[in-house]
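Common to both upcoming complexes is subunit A, partnered first by subunit B, then by subunit C.
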Partner chain A sequence: MNDRGGLLSGVRLRFIAATIVVLNGFFPAVWILFTSLKSEAELFRKPITYFPHEPTLRNYIAAAVDQPLFQVFMKNSVVVALLATVVSLLVAAFAAYAIARLNLKRRQLILTAIIASSMFPLITLLVPIFETMRALGWLNSYLALVFPYVVLNLPVCTLVLVSFFQSIPRDLENAAMIDGCTRFETLWRVVLPLSAPGVFTAGILAFVNAWDEFLLALSLNSNAAMRTLPVGITLYQGEFTFPWPIISAALIVAIVPVAIVIAIFQERVVGGLTAGGLKG
Partner chain B sequence: MAGVEIRQIVKRFGDVEVIHGINLDIRDGEFVVFVGPSGCGKSTLLRMIAGLESTTGGDILIGDTRVNELPPRARDIAMVFQDYALYPHKSVFENMAFGLRLRKTPEADIQARVKEAAAILRIDHLLERKPRQLSGGQRQRVAMGRSIVRNPKCFLFDEPLSNLDAQLRNEMRTEIKKLHARLGKTIIYVTHDQVEAMTLADRIAVLSGGRVMQYATPDEIYHRPAAKFVAGFTGSPAMNFLRGTLAAGAERFDAGTVQIVLPKSLSSAARARVGQAVELGIRPEDIAIAGDLQNYATATVAASVVVLEPLGAETLVTLRIGEQEVVCRTRPDVSAQPGQTVEARLRLDKLHLFDATNGVALRS
Partner chain C sequence: MKSWLDRLRDPSERTLGVILLSPAFALLALIVVYPIGKLFYNSFFDMRLSGGQGSKWIGWQNYADMIKDGAFWDATWNTVLITLITVPGALVVGLALALLANLPFKRQWPVRLALLLPWALPLAFAGLIWAWFFHTEYGFINDVWVRMGGEPRMWLLSPVSAFAAICIAIIWKSSSFMALILLAGLQMIPKSLYEAAEVDGASRWQQFWQITVPMLMPSIVVALIFRTITALQTFDIPYTMTKGGPGNATETLAMYIHKTTIDYLDVGFGSTLAVGMFVLSMILTAAYLRHISRQESA
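And now, the complex of A and B:
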């Protein structure tokens, strides 16, 4: 009984810890959700109403339909984030495979350099990136964002993939090469499918990073038609007004694609993990 | 179909040379086993033949083609790995079909060949399963099936049975032997298990320290070992060795309190070594303590029984001869008791002499 009590208290501790993490993560999102369902009058009413008393979808219509550019922002964000994710994964896969499998002399140094390169605060990179993009004539284009996002995502994607690639038994690749694969085919047909959880993990990281990015998106694409959602939504505020319910509604809409991507990928990640049970 | 020729193969990892100029000639359709303790270079040699490891020097020929620079896929070989190396994300059928698909074989052909191989290996009911749903023995069959369907020039086996339990190992050993008889293809098989080597091989290459100690038929390896290492590696229990010197014009083996008069053939081969340290080798079945070996010329020495190990069909008796111990394989109804003094008879025509310093067999 005492033992069970001890175990239970351990479980309870974990439960409390998990609750704190979840509340901390979800509270802002839930608050935004509630705000998005309130009218402006209710939002500023005192005493504060926590749950919306007269829930309304008017803010959503105002944010997504009445704002002519909202759908453009959404499209821009989707295109930029997807392109950045796909290109990051492709480049990172090659880099990670080389690091994991080839007999590189300075492997540790290369890994350290990759980690070090991701340590620069973005703000220090802003001016060089801006100058580069201007020189290339890429300002106000998808490339202006996709290219830096790929570069920024590469370190973390590469590191995630390296660890997954290293966990694949070498003899599987040997078998593939004897079966008739080139190195590239081995990577494409055997290593990547078996690293699905790693590919999806890296993919989620790359997608969310690109989706959320604000600083570069604000600076490089000043043309309203090329803005991404984070920048577009921020600019909903007028000089003297903060239409919080409308901004909240737009935010909720902006979160949805990310939630969908993660939900889909998560299922694949779990599926991939069980498929990886190969050994012995 | 094709033989494999290995000429002066050298392999270096950095500054460490692990294979020191090996020469082997494997005939078309032959079953050759590379055997040796771990670290002897047998797997490295196999992987060089497969193309998974580069060669530092020398040539490898498959058929009449020099393959040193060819990638594995161009060598027309198939390999079965110790841990099976099945693609976990593909079904048994797709595992077996993978090589054919890469070669753009027509679908009807793929279906026919996979089904035929599956029938031979009795895995035709498992084709839809994933590797993780199979037992170890079934996985090994799939791995063999995957190599059969491609109909390669040469099969390479890298310790394929090491992960299986003893009973399954015996079963699969027979299976592999049948398969070789049926396909008639060249097989190169790596193992550290001398029983597998003896039972499977047409010829065995015994490797040690990156060198071939002997390359011969199992019979010759067993009965005429070229070195003490080879003699000690084959047979279970292993060959007994008695340390001593050669005396009286090499006609006598002198181990202190024990003297054995050597047969003519041995003493003439060892004449140059008079007075030098040698080791006398004799297999457990060539020593008798009961009435066995009556029909052979034997040398008789006094021995005391140390311990008896009955195995059912036979009994192993550890004997003390002078200061040294030997194991004798005898009938299960032997009446010896520990501590008892017996007469041990050593079969003269089965004695082996080895140089005590370099282990080379002394023989005419």
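And now, the complex of A and C:
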């Protein structure tokens, strides 16, 4: 037996390990939370304070009310991410079902083609995508972002859904077809309800991907009223001289909804990420 | 003979396959395939969207300009350096986090959430938060630095420390995804292997190198490949932390392409830069894959 007594014995080691991991993950967000609760006077006092001494919500009011565009950014982010999620799921579910279930030649090749082409470095395609959207008249609209985001989501969603469809017993489908269901009825009544957990997992991953995207949102929707949250908050800086307390409050408001969703469905998210995980 | 309507309602395998796959391939054609073609085509033109004088075929001129362009090579060097630092960095930090998170905790969720939170955070937000951490006067890092006896520093305004700050932010942001992938790999290693090694008297250190690392190799390779591909595209974090400054000390290739095309609307030259980046990522990805497969077979 190794000597595992002393300082690093079981319980204490585990406590230290958990503390390191939790601090690493939470500290930046907690620090921003503290910053957002400080008054301007406290923030610019030296030496700097760690905990807010006189917590105030003034920065939140400033972020949400005095910056009328913040609510617009929030709305844009929600609409774009939801639209992208729904379309991604539809497109990926169709493709994944074909790959998982149909008697197609070169199924593996089709899957590889979908994954390889949607993992193409987006930045190199920025210019032609910009031109395409300009030609279609879609710059500064939700459409400009939704379609590229669907492509961005295609590999993860397709991989997660392929593995889910493969786990549904084929006999169930055959039975439904023998009972006289058409192919689409079988899809709608048997396959879809059974794959709901997979669809949900893929949906969360797609939503987070779309919610986080920055480069295209910055480049294609330059109009202030069409910015998403990451772009809108980043560009606060240009319009005022680094309003850090207000930026912190805006960040907290933007982070919390997604953090709650992730916290509730963490097991699913981890499962989906490791099954088809592709995001950096 | 079935009517086309019947066939649509109850199609053959092949027809159904075509119907189901067509949305995905239509989108890929619009967003990926056509743009790739257009990219190479554009790179042979003098094409500025600002002037409105149309585009002019100039052959390989853009490529000649690119090779002579110092800013292009600076940005390429920065991109390669960021990749070489942050990919191994994120692997080491991610592996450490995964090993810590793999201990048998009574409650799993705080640890798991702590790994998921940085992953779910938009890169742009991570950049903003770390910029605030490195703030010259009111930043947390500077405060710790001064308390330890250092002089206050303008972290993001000197080339070397700005570059280091960006690498730290990228490693923090990307190591949690790495840790999640590696943690899944760790949990698949059978406990019996460690028990057998224990019986044979292997030390913890030996167990790590003889069992954990080899068994984890497939997960490590997957994580490294994805991380390398994304590291080459680094944009959000330097953009939000330094905007590429001071000077162009932290400007990546992605930022240079963005500046040329979206800010200056020089589409011809920007497309040539993007072709350069395309070639670079192909070379590095291929070299990387070869290196790894050679290591694995050795």
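Here is the rule we use: the second predicted complex is superposed on the first by the 230 of 280 C-alpha atoms of A that agree within 3 Å, B and C clash if a C-alpha of one lies under 4 Å from a C-alpha of the other, contacts with A are read in each partner's own complex, and residues count from 1 in each chain.
Basically, a residue touches a chain if its C-beta (ideal position, glycine included) is under 8 Å from a C-beta of that chain, and two chains touch if they have at least 3 such contacts.
Worth saying up front: this structure is predicted, and the values here are computed from it rather than measured.
In the superposed model, more residues of subunit A are touched by C than by the other of subunit B and subunit C. In the superposition on chain A, contact is made by A:N174 with subunit B only, not with subunit C.
In the superposition on chain A, A:P193 makes contact with subunit B only, while subunit C stays out of contact range. Applying the stated contact rule after C-alpha superposition, one finds that A:T182 touches each of subunit B and subunit C.
By the touch criterion stated above, A:V258 is placed in contact with subunit C alone, subunit B being left untouched. Put simply, subunit A uses residues 182, 277-280 to touch subunit B in one complex and subunit C in the other. The residues of subunit A lying in touch with subunit B in their complex are 169, 171-172, 174-182, 185, 190, 193-194, 275-280. Partner subunit C is touched in their complex by these residues of subunit A: 1-2, 13-14, 17-18, 20-26, 28-29, 31-32, 35, 43-44, 46-48, 90-92, 94-95, 97-98, 102-104, 110, 114, 117-132, 147-148, 150-151, 154, 158, 182-184, 208, 211-215, 218-219, 222, 229-231, 233-234, 244, 247-248, 251, 254-255, 258-259, 262-263, 266-267, 269-270, 273-274, 277-280. Against subunit A, in their complex, subunit C makes its touches with residues 9-11, 13-14, 16-17, 19-21, 23-25, 27-28, 30-36, 38-39, 42, 97, 100-101, 103-105, 109-130, 132-133, 135, 137-138, 140, 143, 146-147, 172, 174, 176-177, 180-181, 184, 198, 203-204, 226-227, 229-233, 235-236, 239-240, 253-254, 257-258, 261-262, 267, 270-271, 274-275, 277-278, 281.
Residues of subunit B that touch subunit A in their complex: 47, 50-52, 71-73, 77-79, 81-83, 85-89, 98-99, 102-103, 130-132, 136, 146, 150, 163.
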